[in-house]
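The following blocks contain the structures, represented as structure tokens.
Across the two complexes that follow, chain A remains constant while its partner is chain B and subsequently chain C.
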Partner chain A sequence: MQKLSLEKLGGFFAAIAEKAALYLPVDNAAGQAQYQRWSEGAVLSSALNTVRSAKDFFFPQTENLVDFKLKGKTIEITDPRTEQEDFVVFGVRACDARSFSILDKVFLADPVDGYYKARREHGTIVTLACTEPEETCFCQSFGIDPAEPAGDVSCWKTGTDLFLRANTEKGEALLSSLSALLEEADEAPVRAQQEATREILKKLPLAAFTTESFGGDVLKKVFDSEKWAELSQSCLGCGTCTFVCPTCQCYDIRDFDTGHGVRRFRCWDSCMYSDFTRMAHGNPRLTQKERFRQRFMHKLVYFPANNNGEYGCVGCGRCLAKCPIHMNIVKVAKTLEGELK
Partner chain B sequence: MSQEALIPLLGVVTDIRIDTPDVKTFRVVGLDGKKVFEHVPGQCAMLSIPGVGEAMFSITSSPTNTEYMEFSIKKCGCLTSWLHQMDVGQQITIRGPYGNGFPVETALRGKDLLFIAGGIGLAPLRSVINYVRDKRENYGNIQIIYGSRSMDDLVDYKEILDEWMRDESITVNLTIDREQEGWDGHVGFVPNYVKELSPDLGKTVLMCGPPIMIKFTLAGLKELGFSDTQVYTTMELRMKCGVGKCGRCNIGNKYVCKDGPVFRFDQLGELPDEY
Partner chain C sequence: MQAMMIARAKELLESGAVDRVLGWKTGEFVYDVTPAVFTSAEELDAGFVYDEFCGPNLSKYLISESRKGGKVLAFLKPCDTYSFNQLLKEHRILRENVYVIGVACEGKTDGEMLKAAGIKGITGIRSEGGSLVADTLYGEKTVKKADVLHERCLCCKSKKHVVYDELIGEEGEPDPGCGRFDMVEKIEAMTADERFAFWRGELSRCIRCNACRNVCPACSCEKCVFDNDASGIAQKAAADDFEENMFHIIRAFHVAGRCTDCGECSRVCPQHIPLHLLNRKFIHDINRFYGEYQAGEDTDSRAPLNTYSTGDVEPSIVYEKGGNR
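Let's look at the complex of A and B:
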């Protein structure tokens, strides 16, 4: 393990930014943390997490897929991609770090999504351990330890120092390029911090929350539950939950007339929206009940069924904090769980 | 950079056949005049006119056709309306093939086959029908029951008359919903006609048509004694990516574009009823 005095943090960021684009959580004018490209004077946010998840780095809200030029009856196709630049994301929390492995199972499955893969290959993830998990946090329900985050490099910030440990070759390469700033460190302060964090975790209101009852052969039983009607009754179909969610990855593909041609892009979409499944001959999910049910069925039942029991949720708590009607996956799971016993 | 699934290839429309008042069949080849890719009967392709839209269509020609691919397309939305007004020589984008297709070389080989189609539902089955006709020795008895609203709505009617009905090794039973001048064949809905014909229970059924036809025909087949494991169908849901990632065609833990579109009814029975 290595460390760096917090007094040198600005120089540390500057040294990373010399080699690659560096992004880190910074407080915006409204006092909310959001990832920003580092520039001289940028101050690392002290917030627990960013409002939007870190999925944007690999699966941006919109991205160009392909360009077309149409002339008479002919069409010309161009690949708009340029060489992806190397980048480093600093300050990713354990929950978001896990979300990347969930997104990998979708985008890196055959056929591999080259847009996503290029970003994964060029991005280095530097995670930061949590010290003050909040009452909306439930990452531990999915076996995530916020005091021991994954990533290419894991960091722990104490009152005086930043402790760092490389976990992958990419992480080792990053730290060795910064070796002049780092010194070997004893792990004791990190262990002490981890123990303190784990004590807080035990006392969180969602500490005992589990999705275990959704693990077995319950697809039809959960789907047919009468509880969906009541659970979805107030859902506005706004899609906020899907947009702030680090694992939601449904997308739309659309064409845009640029005036010089046609640009085909993809953008985030939401199963909560009424036209998501609408076709010329009708819509298989006619009411908000079906759309609402789809989102939770996918995270709790369908995704695990295809991925060795891994749930499509990392317990980051963003949907708990942001849903305008205070509905969320915890309430849904707790309500349905009673029916499964 | 390697070929991306979402970046299409170019094709050109070399022939347009008017099948019915709202169905046209488009013949497509690559810019080099050859087939754009090979496929299995029942597989689909994403066709697009940039700026208008992109959508999934079943490939209606048989893979045994070495020269071109065909798509029978009903006019019902933005893209299909555009396709219906275009002329021969128009370039389109194409990507695929997508989906599993019918198990013509495994589960269906050596079997007696019963095709049941309604309206435009013949499009995906035509690929299989012409495939098994071209490899006739690999399959048993072949029967086709096909119905439509009227005589004018029978897709591929010319091919049915000139080729299928003249082929002594297969049986073709046509029906239309209502009496019509010039029609001396059977009149009535497909589900009832299937029950009347009471096909042999040893047959494997491949069925495609409007949801209401599927529902009543399946019920009729079960009354006759057929089981879910003997009946295949092919589904359509809204799709964007075609490769199991965009999330639209998700039913239970399956993606219709990747795990389907062909399912046996016992497989569908394990999925939520949401299609």
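Let's look at the complex of A and C:
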């Protein structure tokens, strides 16, 4: 374990930024945290988490895949990708760090998504342990310990110091490049902070929340539940939950008419939208009830069924805080749980 | 108040005067209420709530609820009644299938507002006079209600119910001096470049979740042009961010003259973009150019942008009448 005095944090960020693009959570004009590229004077946000998750770095909301340009009777095809630069994301929380392993299962499975893979290879994740979890947090329901976040480097911020520990080769490389700023440290303050955080975790309102009942052979039972109608009745059909979610990974590929060709781009999609997975015959999910069901079936049933029981949720609590009508995975799971017993 | 509402809802359900009740339902925490339909006394007892967190405007749900057969009882706050009236005017709600109980409102807040005021880890809340006392994981925190109310409530345009079948609680009056156009005037006073920068900055945070559109009672098209592939302008994600900005501006144009200023767009925005200011600019301009007009105030008058008179302002004299160049 190494450490750095918080007084030197600005210099530490500057040193990272010299070698790679550095992103960190900064408070925006609306007083909420968002990842921003570091520049001199940028202040690390004290918010528990960012509104948008860290998935943006690997799976951006919109990206151009290929350009087609018409020239007479020929079509010129160009790959708009530019050389991916190395980047470091500082301050990722344990929940978001886990989300990358969920996204990897989707994008790095055969056929590998080259766009995603390139970003993963060039990105170094520096996580920051939580000390003040909120009532909406339930990462521990998925075996995540917010006091022991994963990532290439894990950090703990105390009142005076930043403690760091490399977990991977990438992390080792980053810390060794910064060795002039770091000193060897005793782990005791980190252990003390972890214990204090874990005490708070026990008191969280959702501490006992579990999705275990969805692990077995429950697909048909859950799918056919009559509760979906009631659960989805006030859903607005907006995409807030999907877009703030660190694990939602559905996308659409569309062609943008540039006037003299086509720019094929991919963008986030939401199962809550009326044209999601629309085919020639129409949308297979005709009402909001079916679209709403799709989102929760995916996270609670389909994803674990295909991925050794791993749920498609990390308990970050963003959807609990942001849904305009406060309907969310916790309410859904608790309501359906009764049906499964 | 809540107890009176539940009691009255039970009476109406029991007598058969209504078949179901549209209200707000409690959640996991103290603030996460959800609009919900109740069909029995047991359901009402188990989850019906009316408190300072019941911000969601229920009017838009009545477009579909009024078509499901039978009669629905809807509890509407003063600002919700303006939306309801406007939807009646647009023939979107079947009035005969709705029984409206107007309920008094002292202003609403939500979890986001409390978090912005530094209150985190909320496990309980009680109202004490003009303050909210929150039990949190990190100790007790007290905040003045006025400091955490939604912007739309701080400059509440009216505490009057413009439509109802009966009322619970005290009836109020419109407040023309509420100051809701102050920020609009500040933005009007900016230079064009400053104004452009202001909106580019605010709208740059948009994640195109469509929550503003989907919650908006004035956005009641059965299929939005932005969701319609055949329109040629469908946008699931913008090809560049200026188009994103245009989405909000076009939406503001489309609801101009029909927006009642209920403020739901800004309430639901996960990125806290002050979208209501775009609509208020139109309301302010309509007031200046065509005379004071409040959408939703009645169901029979003609809206200024839906009518023509020889006295209408011409573009050339817009500026003389108070418009800003």
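We take it that the second predicted complex is superposed on the first by the 337 of 341 C-alpha atoms of A that agree within 3 Å, B and C clash if a C-alpha of one lies under 4 Å from a C-alpha of the other, contacts with A are read in each partner's own complex, and residues count from 1 in each chain.
What we mean here is this: contacts are C-beta pairs under 8 Å (C-beta built on N, C-alpha and C of every residue); 3 or more make two chains touch, one makes a residue touch a chain.
Predicted, not measured: the structure shown is a model, and the values here were computed from it.
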item	value
Fit-or-clash call for chain B and chain C when the two complexes are aligned on chain A	fit
Partner chain in contact with A:Leu219 - chain B first, chain C second, else both or neither	first
Following superposition on chain A: angle at chain A, chain B versus chain C, Cα, nearest 10°	90
Which of chain B and chain C A:Met279 touches, first, second, both or neither	first
Which superposed partner A:Asp269 touches (first chain B, second chain C, both, neither)	both
Touching partner for A:Arg37 - first (chain B), second (chain C), both, neither	neither
Partner chain(s) touched by A:Leu65 [first = chain B, second = chain C, both, neither]	first
Which of chain B and chain C A:Cys250 touches, first, second, both or neither	first
Chain B versus chain C as contact partner of A:Ser234, first or second or both or neither	second
Partner chain in contact with A:Arg191 - chain B first, chain C second, else both or neither	neither
Smallest separation in angstrom, by C-alpha atoms, between chain B and chain C in the superposition	8
On chain A, the residue positions that both chain B and chain C contact, one per complex	252, 269, 278
Contact set on chain B toward chain A in their complex	1-2, 4-10, 50-54, 76-77, 80, 87, 89-93, 236-238, 240-241, 243-248, 250, 252-253, 270, 272, 274-275
Interfacial residue positions of chain C with respect to chain A in the complex	27-29, 32-37, 56, 61, 111-112, 115-116, 120-123, 137-138, 201-202, 205, 207-211, 213-215, 223, 227, 229, 234, 236-239, 267-268, 270-273
Chain C-touching residues of chain A, taken from the complex the two chains share	28-32, 34, 48, 51-52, 61-62, 132-136, 200, 203-206, 230, 233-234, 236-240, 242-244, 252, 254, 256, 263, 265, 267-270, 273-275, 278, 320-322, 324-327, 330-331
Of all residues in chain A, those that touch chain B in their complex	65-66, 68, 70, 73-75, 77, 79, 81, 106-107, 109, 111, 113-115, 219-220, 223, 249-253, 255, 257, 262, 264, 266, 269, 271, 276-281, 284-285, 290, 294, 297-298, 301-303, 305-306
